[in-house]
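Before I ask anything, let me first share the structure, which is written out below as structure tokens.
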Amino acid sequence: MSDSTPTDAEAACFEAGIKFGSLYHQFAGTPLSPESASSLETAIGDAIENQPHCAEVTVEIQRDELEAELAGSTADYTELTGRFLEVEIVVDYEGCEVVTRMAMEDGYPLMQLESVRDAA
Amino acid sequence: MSDSTPTDAEAACFEAGIKFGSLYHQFAGTPLSPESASSLETAIGDAIENQPHCAEVTVEIQRDELEAELAGSTADYTELTGRFLEVEIVVDYEGCEVVTRMAMEDGYPLMQLESVRDAA
Amino acid sequence: MSDSTPTDAEAACFEAGIKFGSLYHQFAGTPLSPESASSLETAIGDAIENQPHCAEVTVEIQRDELEAELAGSTADYTELTGRFLEVEIVVDYEGCEVVTRMAMEDGYPLMQLESVRDAA
Amino acid sequence: MSDSTPTDAEAACFEAGIKFGSLYHQFAGTPLSPESASSLETAIGDAIENQPHCAEVTVEIQRDELEAELAGSTADYTELTGRFLEVEIVVDYEGCEVVTRMAMEDGYPLMQLESVRDAA
């Protein structure tokens, strides 16, 4: 069994996970329409970028998914949930850069580590 | 004991309460800094205005409270909570206009009915 | 146009709305499985009953809906959302008893005032 | 610069971070009193354990902190926030066991990687 002290790269990945969990569970359920999508994208990015070691957050609410949902509905708004979200978060922790992404895969919003680069 | 069928004015007040509870419990806990306050105000207003019968939502994050909190802290952000929020929501339900407000009173964020006007 | 000072019954309805909005937007998005449904029901009821003037909260997570959702999925959990919830909240404000209910109607979770009774 | 493909240990740390961010931002803001603390602890643990690779979640709401807060207040409840929470989460991902903890440090709720053990 390997040593148990976390490396900087592992700590960077932990930080990246915190950002994703925070983003999703803070904002899922927010009332959402085509008119409010843009300001919500901006606010989510700005809010999560406050968190430590968070270098960049890009949030795209999928307008085509949103329009399709509302076309099949009598309501003119819905709630933010994973299938409307594409998110990329870049964390920089002690020189390690971690790139993570959330997007739909097989009907589920999947959060994934894309790359871990250690400057050392 | 009076009749139990709700009046339009009572339904309008119920709707106004829903908006306040939604707003507070959706967004409380959001990471917040002076830099992200403006986009969060806009997004909260736009999101809650999606809800039925919601005529107008005005959200003001109290910059002075926020700056004071951060001045006494080693962090450069905090979380959205009631003491940073002043909110006015106007609901229009079947011709009844209800004006509601949230602001600090004696150290607590108090949600209050300001006025109920029935056009009938 | 009628007088604009809220009655006790109107304030009671406002309070009832706050509880519903709070309940929904605090807990929507919570990871949910058949195994965790019971403890979540209890915790939601206990949490919302803390709020002022809240006499009783009854939360029922619809097990049949939940099982049906998971049967059509490769995951073994989902997120709490309106279609899994039936809620009744009773508010007592200055002798006015307001009974409210949330349940699905035409595919939407509808929050409704059931009755408003003024003891006066 | 090292290779950028994430290791299992890094993926395990990412998963652990997701659980912490989820837990905090789903439940922060929940109305909380000494009477409701126990059912909320149970529900939080059960909910987060639904998430993939989550081996164990232990949540302790600090009763002494909660009592102290309420003693200095005219209210009989408050909101769940970091200073009332001690949490330990164990993630098991492809044979890597990651232990993480959240507790107060210098007045802030700090989420930390405790250990990363790779069975390989």
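Points worth noting:
Every chain is named by a letter (A, B, C and D) in the order it is written, and numbering of its residues begins at 1.
Rule of thumb we're sticking to: contacts are C-beta pairs under 8 Å (C-beta built on N, C-alpha and C of every residue); 3 or more make two chains touch, one makes a residue touch a chain.
Treat the numbers as computed from the prediction; the structure is a model and nothing was measured.
The minimal number of chain-to-chain contact steps leading from chain B to chain D is 1.
Between A-C and A-B, more contacting C-beta pairs join the chains of A-B. Here the CA centre of chain B is 19 Å from the CA centre of chain C.
For the pair chain A and chain B, the distance between C-alpha centroids works out to 26 Å. Shared interface positions of chain B, i.e. residues touching 2 or more other chains, are given as 22, 24-26, 29. Within the complex formed with chain D, the chain C residues making contact are 22, 26-27, 29-33, 35-36, 39-40, 42-44, 46-51, 76-77. Those residues of chain A lying in contact with chain C across their complex are 24-25, 28-29, 73-75, 79, 81, 106-108.
On the side of chain A, the complex with chain D involves touching residues 1-2, 4-7, 9-11, 13-26, 98, 100, 111, 113, 115-120.
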